[in-house]
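Chain IDs A, B, C, D, E and F follow the sequence of writing; residue 1 opens each chain.
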Amino acid sequence: MTYTPRTHRLADLTWPEIDELRPHAPVAIVPLGATEQHGLGMAQRTDTTRAEVVADMVARRLSPQVVVTPTIPVGMSEHHMAFPGTLTLSPVTLQQVVVELVTSLHRHGWRRIFVLTGHGGNNSAVDVAVSRLRAELADTHIAWSGITPVVADIVKEQGASQVRGHSCEIETSQALYVDPDLVLPERLVPGSSTLDDLDPAGRLGRSWPGIQFPQGYDALSPTGNLGNPRLATTELGALLVDTVVDRVCGFLTGLIGLPDRSPAPPPARIALETQ
Amino acid sequence: MTYTPRTHRLADLTWPEIDELRPHAPVAIVPLGATEQHGLGMAQRTDTTRAEVVADMVARRLSPQVVVTPTIPVGMSEHHMAFPGTLTLSPVTLQQVVVELVTSLHRHGWRRIFVLTGHGGNNSAVDVAVSRLRAELADTHIAWSGITPVVADIVKEQGASQVRGHSCEIETSQALYVDPDLVLPERLVPGSSTLDDLDPAGRLGRSWPGIQFPQGYDALSPTGNLGNPRLATTELGALLVDTVVDRVCGFLTGLIGLPDRSPAPPPARIALETQ
Amino acid sequence: MTYTPRTHRLADLTWPEIDELRPHAPVAIVPLGATEQHGLGMAQRTDTTRAEVVADMVARRLSPQVVVTPTIPVGMSEHHMAFPGTLTLSPVTLQQVVVELVTSLHRHGWRRIFVLTGHGGNNSAVDVAVSRLRAELADTHIAWSGITPVVADIVKEQGASQVRGHSCEIETSQALYVDPDLVLPERLVPGSSTLDDLDPAGRLGRSWPGIQFPQGYDALSPTGNLGNPRLATTELGALLVDTVVDRVCGFLTGLIGLPDRSPAPPPARIALETQ
Amino acid sequence: MTYTPRTHRLADLTWPEIDELRPHAPVAIVPLGATEQHGLGMAQRTDTTRAEVVADMVARRLSPQVVVTPTIPVGMSEHHMAFPGTLTLSPVTLQQVVVELVTSLHRHGWRRIFVLTGHGGNNSAVDVAVSRLRAELADTHIAWSGITPVVADIVKEQGASQVRGHSCEIETSQALYVDPDLVLPERLVPGSSTLDDLDPAGRLGRSWPGIQFPQGYDALSPTGNLGNPRLATTELGALLVDTVVDRVCGFLTGLIGLPDRSPAPPPARIALETQ
Amino acid sequence: MTYTPRTHRLADLTWPEIDELRPHAPVAIVPLGATEQHGLGMAQRTDTTRAEVVADMVARRLSPQVVVTPTIPVGMSEHHMAFPGTLTLSPVTLQQVVVELVTSLHRHGWRRIFVLTGHGGNNSAVDVAVSRLRAELADTHIAWSGITPVVADIVKEQGASQVRGHSCEIETSQALYVDPDLVLPERLVPGSSTLDDLDPAGRLGRSWPGIQFPQGYDALSPTGNLGNPRLATTELGALLVDTVVDRVCGFLTGLIGLPDRSPAPPPARIALETQ
Amino acid sequence: MTYTPRTHRLADLTWPEIDELRPHAPVAIVPLGATEQHGLGMAQRTDTTRAEVVADMVARRLSPQVVVTPTIPVGMSEHHMAFPGTLTLSPVTLQQVVVELVTSLHRHGWRRIFVLTGHGGNNSAVDVAVSRLRAELADTHIAWSGITPVVADIVKEQGASQVRGHSCEIETSQALYVDPDLVLPERLVPGSSTLDDLDPAGRLGRSWPGIQFPQGYDALSPTGNLGNPRLATTELGALLVDTVVDRVCGFLTGLIGLPDRSPAPPPARIALETQ
């Protein structure tokens, strides 16, 4: 257990180092990001960087038990395509990328795999990919999460704006903490922050909990963001991100402690002798 | 507005009736179900029937403004396949079915479409389908929901079991209300109802909010259900279902009141003259 | 053999009931329908209901040897899309739905499976799906049929119109017998009933047996139907449907009596020692 | 109309010749074959050659009104794979090949296209492809046929064997006529020719008209053929093939005479003003 | 080794002949062609015929060690679609066709397979297909080549034109040798033969070795060809084609001499006991 | 032209910055990498980093005319999967990723796009993607290259080993120059460097120019590399990479100077009036 790898990042290692590290590292994390508009004052790589930093922090905390794949820097961002510069994969392609990365890890022996998406727009595609992988890789434990949803309780207490979400004070605080280069503080402006700031469709979509009425961000906000990123602080970012890291580490420690997953037994056959 | 169609169900009507009804019915609902195990005492069609009945109740309430397609009686139920009788579509196929049904409605002129799934296992595939449809049908308002999540606030107050979900007192109450034939009351038994009832993986998956660690139901519960369906009552079912109907009607009324959705303008071209 | 299940419908049963029924029921039927225009006086669900009723009648007759999955209520109906209300799946998606339903049954142990389509437009997609399934499930007997083609001999004797087919006296008679609610008798009108009623392309397509020249129904008939549904009678419907049931039961009895299907042996390898 | 092209085969021409021929040749034929076992005495290319020769004969008869693409020499032959040498495409791939060839022709201006398959195993995939093409190419007349089904009436009168079909006296007669090199007469042997020659599944599959129970040919016949090819004669082949050519020419003459196909009008929109 | 088959072409043989030949013929060749414009004086089937003839010559030289499948007469020719008559498959479909043909051969026991494309436009799709097949068929040696690239050294010495390639003196010489019917000598004209003959994009694409800037042939050359086919001679064609045959035979002899390919061992599992 | 963006990396910018930069930057580069074994002494991200650095150098040189998307850090590496840690996408998925990224750029107005792959294993998938994109985006100039092939002339002069390629002195020199952290110099060892070092299949594959016989790297080299990376020098790396940058800049300058690409005119229709 005193083994210390040069790094936990699979991309930075040589294959003999990975071969040596492998038996000490039962968990692999696959971080997913996005390249999409984040309002007037935050870089397009914000989700990529948040996922990458959280994965790195978790891996360092649990070292040498966790390896991390490179972060996929594009995701499902169709709803931001009205702003120049956003790149998007279709959900089917994103699913397939996740399936193939996890399958690669499985072929090298990993049986405990965690997909971490920094971008909420990836959630459904990831969930579908994980469903497929659970069926295809019947001996593998596979889990996934976003970042902000892991601290939904804290967000509820901390967020000041009535309408929050994309590039609001919560996300901007995280960005300030994980990589201040992501933020151009002087350009931050409040986005749509109250129901009254939204257009009628956006307002309707936020008025009925449990009903999903997704909108393009061009309809939701002329600046592309919600909430008030000017309220963001590094301290809040630290609270949020450090707690996410604590909790993901807690989960992964539990995951490492589970018995190996066993495939379900093959089905019986309804044959002639049964009549 | 005093026009009354013979029924709101597209499958029960003739085409001239639909042609006549169409200008009065701006909204179409697409209900989705499942054929999957629901524990020892509930029929496999429970999700199909709940979706169908809620859709019918909404359509009657808002008549003649809503039409309803036939309910797709199978969904994404891979996680129940260890129990005999469950049928499952892959998430990619389910997505495609939803995309093609909504596209059919669009070809007949509908521009306000609501997908209602009675089965939570369909959620991600539906969400992905809706994402695709928003991009492909740029002049169409499209929304979706499940049933129980629309009344999450009531569920929180009413549920007795620590661990709830599939075929628990909440779902069984709905079944008793929408179609008592779904339930064999004498066979209802408590499923896994506390964290201690779960196996270690199931317990881990329920211990970290925001982290998704999906499990096959064979691992979660030997009977295939969670919670305690013996606590189910028709009264609770009525409260839950009637409130879902109220809220979906509220949302759809808002949806009807929205201006038509306009496609985003085409992107500019970065050509020689721009240098 | 004296075992009597509560019902043969998988959707209506609980999983323990299916588990108990399974060894007594070597055959599973997968009924397929459609939601498509059926002329001025017949409901869009006509094909769905005909498939469902025939499957139920067969299962009751052979009880407990047959189970029935829920009927898929949409099919390949592109050629009816010019009439408001028709829903259509692409043939590739329909194939995939059939493949996945049959594969689900196979996973639960069924090795004798019958796909019954109430809609002729599904035939090719079903045939392709069955071809794939024969190769993929090498231990499974799989067969399929429509409804009316099983009694082609009787149709030849009974039909009065020169041009028949969709929503003619033959199909309408079946509808009257299986579910009178399908028919609005007072609205039935003759459709294109002679070659002279067809447009030139429709006439050409019916003039050369063995040559397929499919046409949209909007080109074939302004009312969407062929033949003369006013000639339909419940008696003719009973004769047709009861004979279909007799014959499908005869076939399935033969199917139950077959030895289990064995996969073909693996191919030899052309290796070095062969030179 | 006195224009005579060097040949009707697109593959044998140069592009300027095709450009010159094009306005005189409103019809394009796409022949499809197979490479599959044809019993002990007939070559694997039998279906390819029959399709190619019939297409050539039709094109010559109607010259210069018809062009012919190269024959695709493989098809859907999964059911023959137990015999060494058979090649097979999946039905989805074969569909796609047909769709893309027809689409290529459409891009060069053809609006009357005929797919001619020499192999019955291709039928469903072709039918599905034609369905897709009718929807995608809304200005194009598209039809298809096999060879033997076009003369089903003659086959009924002429065939001697109770069980006929693949590589029987009917098909072998055609082969003798279109290309005697296809046949090794001394090796021809009777295949399964009566119901008693079939195994129980094969017998069951031929006992219920209208019910499809496809079997691998290894199960149907140890030699891979049905019927009695020793009864084949060049004279019968000439009768069958010449009649097919007559009838396809009759159909294509009708097709040329049809008005251009017009796309259906776009659907109306159910918008706010309709309430 | 003195065994002599009637022919090496799988399509021309009966299955018992293939069964007898199989142990003597460890190698199968899959030739691929195209139907695409070849300038003013060469037939559209030029690539198909070149592939077919080379495959036949190789098989005869190495008889009985090589069998040949029928040539697929269409390929990836999108870049020629501006000229009337060209047919094209999408690269994904072409890949799939190659994968399925090779897989058919594998099912009959072949473990040494060579794909020979007469059309350079097929290269990438073939390369991708071979990559997939190497992974899927882990016990099979699989290789591929074009024709002209195998004699790149001779081409470099012999070609007279500065810009060469499609339907130039090199390809036309091959055509004259393998099948003089392919060429209409009196119609041959020089195509774009110098960089100055190309449009700016075509010139740019040929100016930076290693950078791929593919162009449609309509942009490259008004006649559809490059170089000067009037310089073609049968003698040069013989030199080129005979050398290709020599070299492919050399390679295949080496391939036959290799030990059987063994699948890689399955990956280890990173399980609990490794911590 | 004196406009200077904060950076050329789309991921590092905000959307208003991209909006402002866009008219000055007609070219977008899409870099592609890989995560795959690079022998005993080089990191798995070597190809990713080389692509990224070259793209950055090109963009800085031509600033502000070029923007760069984030580098995709995984590619087609199936042939390295026998070494622990390699990740691979299927070629179909990689194609799709490229198609969707380029399509995203097109939607934001880019019409001159360059795909730069640092990994040769991606070549075929990229070439196929570019073929599709040329057809789908008919108004867009699209080109692609690798890195080392752009300086094939220098490599020919400089490489010392008979067998070179993956992780040889050429690639390692580039790595030392673009990012010394990629290399652990003390662990570099010669890989298979002569034909005699290869196994028989590897030797065969390198013996016949123009014939492709791809091998897994586990078969080619026990260390996973070819050539002799100990001969690598930063100076050689600088020569190679700087020349690649020069040449890509030369090409892109030409690309910027081209007239806009115009779609081909729509095809004529062969209609009735042509007879």
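One rule holds for everything that comes next: a residue touches a chain if its C-beta (ideal position, glycine included) is under 8 Å from a C-beta of that chain, and two chains touch if they have at least 3 such contacts.
The shown structure was predicted, so the numbers you read here are calculated from the model rather than taken from an experiment.
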Would you mind working out whether subunit C and subunit D touch using mostly the same residue numbers, over half shared, or mostly different ones? same
Interface with more contacting C-beta pairs, comparing D-F to A-B: A-B
Interchain centroid distance [CA atoms averaged], subunit E/subunit F, Å: 25
Round to the nearest whole Å and give the separation of the Cα centres of subunit B and subunit C. 28
Give the residues of subunit F touching no fewer than two other chains, as numbers and ranges. 22, 81, 90, 107-109, 259
Could you pull out which subunit B residues touch subunit A in their complex? 76, 78-79, 81-82, 90-92, 95, 123-125, 127-128, 130-132, 134-135, 141, 143-146, 149-153, 200-201, 204-205, 207-214, 216, 218, 247-248, 250-251, 254-255, 257-259, 261, 264
What residues on subunit F touch subunit D, complex-wise? 267-272, 274-275
Per the touch rule above, subunit C residues touching subunit B in the complex are 10-16, 18-19, 22, 35, 37-45, 48, 69-74, 81, 83-90, 93, 96-97, 100-101, 104-105, 107-109, 181, 184, 187, 224
Taking the touch rule as given, give the residues of subunit D at its contact with subunit F in the complex, in rising order. 1, 22-26, 65, 106-112, 139, 256, 259-260
